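One structure below.
Chain lettering (A, B, C and D) follows the sequence in which the chains are written, and residue indices restart at 1 in each chain.
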Amino acid sequence: MSSILLQVIVSGLLIGAVYALFSSGLTLIWGMMNVINFAHGDFVMLAMYTAFLVWTAFGGGPAASVPIAAVVLATIGVLSYFLLVRHIMRGPMLAQIMGTFGLALLLRYSAFWYFGANFKTLPDTLLGPPFVFGSIRVDAPRLLAGTIGLIVTLSLHLILTRTALGSRMLAVSEDATAAQLMGIRPEHMQAAAWALAAGATGIAGALIATFFYTSPTVGETLAIVAFVTVAFGGFGSVPGALLAGLLIGVIEAVSAFMIGPVYKDVIVYTLFVLVLWTRPQGLMGKA
Amino acid sequence: MLLKASQLTMAFGAFKAVDDASVAVNEGEVLGLIGPNGAGKSTFFNCLTGDLHPTSGTVHFEGRDVTRLTPEQRARLGIARTFQVPLTFESMSVLDNVMIGAFLRHHAAAAARDKALEVIGEVGLGGAAEASAKSLGTPGRKRLEIARALASEPKVLLLDEAMAGLTPAEIRAAIDLVRQIHRRGITLVIVEHIMEVIVSLADRVVVFHQGREIARGTPSEVTRNELVIEAYLGKRHAAKLSGGTT
Amino acid sequence: MMRRALPLLIGALALLYPLLVSGSAVYQRLGALVLLSAIGASAWNLIGGYAGQVSVGHAVFFGAGAYAALAGYAQFGMPPIAGAPIGVGVAILVAALIGVPTLRLSGHYFSMATIAVAELVRVLVTNWEWLGGAQGISGPAIPRTVLDLSFTSAVPYYYIFLAVLVSILFMTWRIEKSRMGFYLRAIKDSERAARSLGVAAGRYKLYAYMLSAGLTAVAGALYAIMFGFVDPESGCGILISVKMLIMAALGGAGLLFGPLVGALILVPLEEISNSLLGGKGAGLTFVVYGAIIVVIARFLPSGLLALFTGLRSPRKPSATEPSHAA
Amino acid sequence: MFLQRGVVAVLGAALLALGTAQNGVAQQSVRIGAIYPLSGNAASAGSSSKAAIELAVDLVNHGNPDLKDVPLADGKGLPGLGGAKIEVIFADNQGTPAAGQNQALRLITEEKVVALIGAYQSGITVTTSAMAERHGIPFMAPESVAANLTERGFKWFFRATPVAGDFARAYSEFLKEQQAAGQKTASIAVVNENTEYGNSVASVIKEQFAKDGLNISQVIPYSANTTDVQPQVLQLKEKNPDVVIFISYTSDAILYAKTMKDLNWKPAIMIADDAGFNDPSFVATSAGLVEGLVNRSSFAVGKPGSVSAVINDLYKKKTGNDLDDPSARAMQGMLILADAINRAGSTEPAKIQAALKATDLKASQVITGYNGVKFDDKGQNVLASSLITQMQGGKYVPVWPKDKAAGELKLPYKGW
């Protein structure tokens, strides 16, 4: 294998891990509450601005911006849950699309109003020079984002499967009434899920900001990828999102390199539709 | 023979929910399917209605192989059903619910409405025709499902635990309703775990256990069958049953 | 009395609206825009509202109509309106192709599949030179004959759109009252129960999808005729799909007049807030727009019209024929 | 009943909006409508253009002593109309052709503007100018380059900007000069975004270069607003062309600058076709990554005291950014309109149209690098031209053609 092709695959894996990272919050909400959060991309956008603010305020890098963005976004997540989502999730699916789409516009253009339309970026020297392995180069921000992406998705998975909080949240998602009879307050668990999901999204956004531009409409660019990743991997499955993210990253990179960048979307969407047709529950979703 | 299942097997992976079951339903009879939870009777039932396609074996209706037909195709041939957990059309009125069934044989809305109103009267929901299906309680919903199925003018009606969740008084009313349906010449297949229902309604009973048929005969025969008592009823229930009360 | 007077009043208002605002070309045009959006949303309503299959990819059909109208002009010099039937045909055909596999999917999976297919189509159209590729295609900039339907005033558009909308609503009303309408609602509530009663759910969903697609193409063709331009984003972009859905949902999905009510609220809101706030360039238009959508979703999740159907007796519109009034 | 009340309420609100919109009509001012993307993906560019147009109007209305050569910049308003001031009404096209056309109608019929300027995106200029044409209102397109805009037989459409053919000729001549000077130009790659702008410019460049014997060895179209540009950069790295021409919007431009550094690849000559690479956001975020980048621009800041330098200072004071090329062209468009209205001596559209047709501005009278302004029958400015600039120390400096240069061209490309 030529070293360039190897570099293409490495690059694909890195961006794929990032896709997984910013999709895991979406899949959590989707799987646990059966709510499509159309504002997910705008949550990422808010986290990116948070990182930018942290840097302009006191020059803080990811070490400061990641935890701050996680807390800020978790708060926004809980607020969204109590003020909006709690009320629309029992309604028809259309109300959820309508409500979260409205929320997306509200967040996007509030950011627009506050920060202006200009693109912002963090200095590219924030995290030091790229790592060089032979002929393969891995830039530090992406490596950090990819690594933390793996850690966050794995931790989310462990929280869901190995902790009391996780099993309670799953109990609520399986059967809220039964869970209530067992003394679990569904609203608390759902709020916790939103906090967790939005917090993970906060981490994702703060990390993406280190190598991507930030603008009020950046969420749109990212959201579609997140939707496809989540549906591809299986709604609600965090490991599914990880697998799908990595796959999409590599497929995009290799097809863009070998066939042409304009066709990478064609290939990813076609694959996605094929997966839906043959395996509607996604790669790792429950049947 | 109206409806016949031959050597039906339904496997989910390695697990066989129904294992080589053969059951025939005669025209005009009331057949009971019983068995403990997980015995495979619901799976078997769903193979008859077309909700599931068996892994192997065949289903014949009026001599015709319907194994691969969809539920809607079977409904058109005259197989109707109710659901264990009622699946009423929640956004519609009782009348509209029943009209969905009536539309199968009456394509014009007016004719379907007439048919539906007639059936609604028969099942005793007359006063509630305009009420929303959502407003009904469990007995009402079960009755609505039966009305809906009847409006499709079936030859055979399959009732999936139509009495579950009802009070004894409601059960007695429901049994009367089923008898009345039977008198109209509709063949019935009843899945039940309430013995009283089976004993008072069924001409013949087939008992399932772990996916296999373990006994068949009249209700009194199977309730005396050792295998059935051991596998399913348990001694306590058997004693209760012979006492004749519940 | 009131029940009879109200529809008459609304009908008269609809017919006279361009005269009532004759002093303002902008408000005449606003009327036409409301009707155009209502046409699209009503078309979507057939599959998304009545049958409950939430398509987020109707832009494909909208684009088919819009592109057919203008490609017919650009390639063969046809008047755009002549391309409309071709667009409708293409949309129905494409709907059949997309529908057969995707309508098997349920709930969110269907929605996701429609998004993906629509994005796929958008990317393909972007790379399709015959359709103008990324640059899009323009209609006749200067009308050659009246058949080009290129008017300075919005009033002719208003009446064309009104006639189309009334036809679509009449057709929808007929369907609503018929077996198909009942079946679609049954499928929405419980596909499994519907099938057990002999409803060929797959076929009816496909019919509704194809019909909805064809009517959406009409909306697309009318859009292209009025605006005289379409490119991949304005023809097949995801925003087109979402707007149709939001409009129907806001008024009341699955209700005859739901989409129209949604359009009556959202289109003026969009236009007026853009006129008042857009020039300031602070994005306030969309803050207002988003906030209102959120508030309606929060307090009226089934749409504005649910407010009235909830207050009325539980009697369904199905019982309006006097001979059967109980 | 409720529905009825709703309709009345909506109509009421609408009429109210109409009322307030009309209240602001001032008797003495000449009203011009400006339609730009003030929300959506291109909002960054739209707000810069808005600021530049405001600056142009400010020059006409209040003047500036350092700009004696620029027509009307003496602060006397429009002498041809008794010193009337210009008032610009801005509208947001929201990045959609529909909103652009709706707003055009509003500006024409409600705001009674005498001319329109806009609309940045070519597709929106199509629909917006069609509305102006139907109403017989002059339309000035200062920056939309799509070729078909001037092929529609419009009588009210004027375009001041150079178009793709002009850029392509400039690149070709520039590269041939570099070839003659000993630079390697054996293989040329074109990387273009895949919407109307990138596609049309790329195809014109391909034609022109083929005619001029320049070898394009690689063309990489890609979808705009992409999440990742690593594959594109790796494709370049694999073929290693001597020259790369990027045709990109801001978001992708930022990613290309970063990614080329991350993957450590650069060509000997890197050319950017204006757009994203001239966006103040790009310069602010990425200037340090693209030292030596050759760019195309119609505007470049000249020596201190020159017209362009004075205007750039004024713009910087207003916005905090240097004046970028598309915004400078928007500003130029507004100044051309103002000049024509002044010469028309009337706010009657037909007279403005006639004055626009008679426009004859010299190179010294324009703020951009155009050779002047003169419209042909189709409304295209035949004197429009481009400069070649180079990123030097965080700023674009004009380096070619020689007579308009303010700095020395430094090759090869340095990058970071």
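Criterion: contacts are C-beta pairs under 8 Å (C-beta built on N, C-alpha and C of every residue); 3 or more make two chains touch, one makes a residue touch a chain.
Being a predicted model, the structure only gives us computed values, none of them experimental.
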Which of B-C and C-D has more C-beta contact pairs: C-D
Per Cα centroids, the chain farthest from chain A: B
Whole-Å gap between the CA centroids of chain C and chain D: 36
Approximate Å spacing (C-alpha centroids) for the pair chain B, chain C: 43
Computed distance of Cα centres, chain B from chain A, in Å: 47
Computed distance of Cα centres, chain D from chain B, in Å: 74
Multi-chain contact sites of chain D, meaning residues that touch two or more partners: 38-39, 43, 46-47, 194, 223
Multi-partner residues of chain C (each touching 2 or more other chains): 123, 126-127, 283, 285-286
Chains that touch, pairwise: A-C, A-D, B-C, C-D
Footprint of chain C on chain B - complex, ascending: 49, 51, 70-72, 75-76, 80-81, 83, 87-93, 95-96, 99-101, 103-104, 107-110, 112-113, 129-132, 135, 145, 148-149, 152
Touching residues on chain C, where the partner in the complex is chain A: 48, 54, 56, 101-102, 104-109, 111-113, 115-117, 119-120, 123-124, 126-127, 238, 242, 245-246, 248-250, 253, 282-287, 289-299, 301-302
Partner chain B, residues of chain C touching it in the complex: 177-179, 182-183, 185-186, 188-190, 192-201, 254, 313-316, 318-319, 321, 323-324, 326
Parts of chain C lying in touch with chain D, wherever the complex brings them together: 2, 6, 9-10, 13, 24-27, 29-30, 33, 123, 126-127, 133-136, 138, 141-142, 150, 152, 154, 223, 227-234, 261, 264-265, 268, 271-272, 274-276, 278-281, 283, 285-286, 304, 307-308
Complex interface listing, chain A residues touching chain D: 2, 4, 7-8, 11-12, 15, 19, 109, 112, 116-121, 124, 130, 137, 139, 142, 211-213, 215-218, 220-222, 225, 249, 252-254, 256-257, 260-262, 264-265
